[in-house]
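Across the two complexes that follow, chain A remains constant while its partner is chain B and subsequently chain C.
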Partner chain A sequence: MRNRPLLRTSYNQELALLDTTSKKVAVGILLAVGAALPWLVEDQLLQLIGLACVTAIGAIGLNIVTGYAGQVSLGHAFFLAIGAYTAAAIAGDPDARTIGFGVQEILIWLPAAGLVAAVAGVLVAPLATRLRGLYLAIVTLGLVFIGGHVINEWSELTGGPGIGRQPPAPKLFGYDLNASDAFLTRDQKLYLLMLVLLVLAALAARNLARSRVGRAFTAIRDRDIAAGVMGVNLARYKTIAFGVSSFYAGCAGALLYVGVGYFDPTTFNLLLSVQYIAMVLIGGAGTVSGAILGAFLITLLPRLIREVPSFLPFISNSPAESPNAYQLETVLYGVLIIVFLIFEPRGLFGIWIRLRTYWKAWPFSY
Partner chain B sequence: MKRLGMIALAAVLTVGSLAGCRGGDNTDNSKGSSGPKSDVGITKEPCPKSEHKDRGCIYLGIISDLTVGPFHVLAVPITDAQKAFWKRVNAQGGIGGYDIDAETYVRDNKYNPQTHNEAYQEMKGKVLALAQSLGSPTTAAILPDMKQNNVIAAPAAWTSAYAFEDNILESGANYCIESMNAVDYANETFKPKTVMAVHLAGDYGDDAAAGAKIAAEKLGMTFINVKTDSGTDKQAGAVTAIVTQKPDLVILTTGPADAAAIVGGAAQRGFKGRFIGTSPSWNQGLLATAAAPALKALYLQSSPWKSWASDTPGHKAMREALPGVTPNDGYTSGWVWSYPLLAALKKAQADGDLTRAGLLKAAKSLTKVDYEGMLPDGAGNYAGGADGIFRQSLIYNPTVGAGGPNEIKLEKDYFTGSVAKDYKLDKPCYEKL
Partner chain C sequence: MKDFLESVLRGIGTGSVYALLGLGFVIIYKATRVISFAQPAFMLAGAVLVTYLAGPLGFFLALAASAVLTGGIALGVERLAVRPMIGRPVFTVAIITLGIDIAVRVVVNGAIGLDVRQVGDPWGLKVWKLPGGVQVEQRHVAMVLTTAVLIALLFVFFRYTRTGLAMRAASYDQEAALAQGVSVGSVFALSWALAGALAAVAGTYAAVGGSVSESLWLIALTALPVIILGGLDSLPGAVIGGLVVGTVQELTATYQGSVPWLGGNISVVTPYVVMFLVLLVRPYGLFGTREVERV
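After this line comes the complex of A and B, so read on.
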């Protein structure tokens, strides 16, 4: 009886982090593969997968406020920017042209980036308590424009558009993660760092979602009036949602460009916010694993498409010819969003659920 | 949870012992028994599209702004010209038994450092050098890695910061020198007392404005610095600054559409001073806009090299290699920028060392580059470092034709202004604005 899916004999079972043996095994295998990757994959791919891990942290953050609590936010790029510049300023070289305090310890700049972004999120939250739906989306859109203007103009901090600045160089207890040494290359170290942080972030988000706070979020998303009537303090929980979400965004922003080694203030535009929305929608709103899947898909998509011309010779690598890989990439984003919203609103996660239900009753899958 | 942790731990320990069984970055090792030494980006197999099946192949990468970025109008012709350039090199016999392939690894950077780095990482293990790396924030994102792996690149930008990088083979006068010369030219011809720099932010605009500032101060003029944003609807502030402060000379570093909005707007409000724009501020299409009369009356253009229709062996070869295209100085730039890399490859081949380190060494040792007359003698002194930068530029009046088709009137041929001649470049100019 113990392992029957959907049969619960206690609340603890219902609330368990991984409720079935197969889930435990699957997660275990995934973690093992993830941990083994640095020794199996080339550095350049590793860098990309590390980037996907960080992007996933940001997507989980957006998913908390948009997927769980139902507050559509287009302002994610703004919070990513706050995290990125807080971390870059704290860890930056004091002698460089841009503001820097030279504290490279990741245990200091990473939480600081998250906290500063969280404070900004809490400050914005009162908007969310007054507005909802489309109106909230448009107001948060304003944040991206204000933030974009500030970082474009404040060149002491950001280097200015067209120049940019370096992201923080991480050190852990004095151990330099930003350079290769005898044991591990730079990309291997950074990937492992990102992976560990993603696992921590995902666990924390999952725990938040199955707590009292998470249930309050879901109640607000499903019907905020009903939630209020039940005694959920709307103002409080919306503030928490924005705060936590921004904390995630801040941490993700701080780490996002560590692998690349350079970033430009014009990066934090509306398109970035929209990409994160796309991750959440394509992955599956309201699930942690969905956000991770979506983030990996959107991050790896351009790379996958660049490989297409070698398999399909009629698609050109040259932008002067049509059809080419660049057009394909641009079009695919749009097509993916439309297709998922129409055919699988639950996203990649929904496809996974269908597969699971199909195999659960196999061979009697009808 | 505990059990899970144990499993994960065991897994980590097992794979820890597997270290070393993945592919490295530099797997392409085709050391031949004869011919020059080589490591990455060179194969004995012929290039995929080559007609010379008996030759090996040297792969060069191109990372450019090909689709949606702000410079794609220029970047596409730059890239086409470079492809044509290397095709011509192959037709002339290649380099030491190798053909050059600059077509297989062409990627779009969308003018975004992250995308640029992704494209670079992807091609890094397969190309010997980069035939083009467009943009300065984008190139800055890959420079540390390039230095670590001895990768050299021809840039597609004229920032003065490249004078300090061994791995970048820049060509022509940088923005800073170009603007110094522009101010110098104005000083000789119409004696301005106040100079205003109207520029975009970033190292394109800032570099040119810094050059104008240094020259203005040296020549005893008043300097006014006005930063503007990209977009024709955002030029009202710049126009107001021009008509209220009435400078005698405005140095423009913007995009073409912005330049037209500024010159047209200022002229409409009665401004009579002169404008000199840097080369990326001009586009022949502006003569079809409403600002054409104002541009004809007030506008001159500084340029790091001669325009498309000029009469030099290099220009002629370029026009022959690119039949039927609409003339555009993007082609000229792409063509000119390719010569130093060709010179470095030839030198490395002569030294018998076509490895990356060998190519970098050859590039560093170049004291001059043969630009087939497109740049005068003395250009391409990379051994000289920041002191060896090229200091000559030209002034055109792009609104006046000069006889031949697509020819424009040359106001002043290659010259070094008094300020630029003595200027010691000790750090990138834009840091001095």
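After this line comes the complex of A and C, so read on.
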């Protein structure tokens, strides 16, 4: 029996979090490598991987509303901004030029950022229950513009465009995570924090997806009228989808700039939303692992592209010349989106599935 | 009163540019049920082509040439990236057009470079004085006239030509049109080409009196609230929506000084605010067709 991975003998087995032994082993190895990484990699790269972990939290959030529930949202940057500024305001220095209340405890500002963003998501949800498909996409795009205007103008909170403000400085039970000490450097601490949060976020999303709520989301995505006829309360579940997704976005926004130490209101623009959509689609819509893969790929892409000029000398590393690595990076975003959607609509996750089925039947590839 | 009239005139001028852009979106939507986010890139491409061609050809010939060339680019893009996606969910195709937009825009921005590129139009910022001291900028009159001519041509095309009839048939029911011998594929291609050409004209007029820069892109995005306002599948809706949004935007720009707490650039986001208000009352825009929902 053990050797038949697709044989299920009970419903609980079908719904299990890690349903096969190989999945358990793979996840265990990944977690072990993730936990050991601070001692294997230099700090600069570690900071980037930490950023990828936070981005992955945001991508999982967008995946809940767009991948699982099928409600296309181009407004993710708006919710990220709400989270980022809520956290920065709560944890900010009370004596500084920008609004700040000086509560640096991460257990306070992180959930608060998520909750405020979730409230905003719930407020937007009535639009989603009235509108469908592309109408909804454009309306959420409008949110990014209106939100962008507000944060650009509200310089007491945001510092104003071009000036910006500091992100929150995390402290856990009074232990300062934002400074190096005898045991760990700052980047190692922040990375471990973000890794733990990513694991928690991924677990929560996975559990949500295999619950009653998750099945309701899938029903709405596949055909919302049919779902309504079967007794799924459309308004309620769309609101839940937007609320949960915005909670994730708020938490991700709060942590996104902790590593860099500075952020500017003009960052929260349409391009940021498009990047998150790209992560979800390139990774694989409707899967948690796909969203994480996509987030890592898109976050590490600039770093990879910076290596390109050493192979292709006609591409310059200086932004003043053309073609340069920054242009190449932007073009690659576009091209990656197009290529994935045309050739592998299930994204990186789909490639993995193909590999898996190939080796499952090997050497009989038909 | 003078201020008011002048802003309304300005609004109708810029509004007609929005109307042209909106028409492009609606033509593509009617044929393929997809919103093409690639329109901003075509608009920028058209304007940049004019800046290169206006020297040797003169403004009007350059405009025509750029419209044809941009239409050609749009045609190619449709063939390469959008045609393989027939039958896939519309949202997927819309995101593909976003990818196209990002990629094409980088190339076009590279072509703009660091110079100030102008479209070489004959109007610049010259004004005509109307009785009562009201000033109207010549470029806005030119925008309105061009838009009116193009709308008339489009009307004649859709109403009286065989191809126009085929396009209308394909937008009603693709299968029935196919059964009658309409080549739906070429309808798709033609609608992308038309939309690309309209975007090129709109982009050029949007750059009249200033210079071509990356920020023209934001003007193209304003066309999105315009088409949502008018209804995604209504050509008259796009025109009316464009004029309404243009006028509201210019009026806000004139009077925003009296509400300083809203911030200095509120006129840039007014189209989105108007869109929200209209959608709360009418989810399919002012003139859009209500979708019939079946399980």
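Here is the rule we go by: the second predicted complex is superposed on the first by the 353 of 366 C-alpha atoms of A that agree within 3 Å, B and C clash if a C-alpha of one lies under 4 Å from a C-alpha of the other, contacts with A are read in each partner's own complex, and residues count from 1 in each chain.
Simple rule for what comes next: contacts are C-beta pairs under 8 Å (C-beta built on N, C-alpha and C of every residue); 3 or more make two chains touch, one makes a residue touch a chain.
These figures come from a predicted structure and were not determined experimentally.
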Request  = Using the superposition on chain A, decide if chain B and chain C clash or fit.
outcome  = fit
Query = Counting only touches as set out at the top, which of chain B and chain C does A:146 meet: first, second, both, neither?
reply = second
Request  = With the two complexes superposed on chain A, say which partner A:164 touches: chain B (first), chain C (second), both, or neither.
outcome  = first
Message = Tell me the contact category for A:32 with respect to chain B and chain C: first, second, both or neither.
response = first
Message = One more residue to check, A:181. First (chain B), second (chain C), both or neither?
response = neither
Ask   = So, does A:44 touch the first partner chain B, the second partner chain C, both, or neither?
value = first
Note = To the nearest 10 degrees, chain B and chain C lie apart, as seen from the C-alpha centre of chain A, by 70
Query = Which partner does A:261 reach: the first (chain B), the second (chain C), both, or neither?
reply = first
Message = Under the stated touch criterion, which partner chain does A:133 make contact with: chain B (first), chain C (second), both, or neither?
response = second
Note = Once superposed, chain B sits from chain C at a minimum Cα distance (Å) of 5
Query = Which chain A residues come up in both lists, the one for chain B and the one for chain C?
reply = 152, 320, 330
Task = Could you please specify the touching residues of chain A with respect to chain C in the complex?
result = 72, 127, 130-135, 137-139, 141-142, 145-146, 149-150, 152-153, 223, 225-226, 229, 270, 274, 277-278, 281, 320, 322-323, 327, 330-331, 333-338, 341-342, 345
Key: Residues of chain B defined as touching chain A within the complex   = 1, 3-4, 7-8, 11-12, 14-16, 18-25, 66-68, 72, 76, 80, 103-104, 106-108, 112-115, 117-119, 121-122, 124-125, 136-137, 140-141, 144-145, 200-206, 430-431
Parts of chain C lying in touch with chain A, wherever the complex brings them together = 34-35, 81, 84-85, 88, 90-92, 94-96, 98-104, 106-107, 109-110, 113-114, 221, 224-225, 228, 232, 262-266, 268-269, 272-273, 275-276, 279-280, 283-284, 291, 293-295
Note = Given the complex, residues on chain A that touch chain B span 17-18, 24, 27-28, 31-32, 35-36, 39-44, 47-48, 51, 97, 152, 155, 160-164, 257, 260-264, 267, 302-303, 306, 317-320, 326, 330
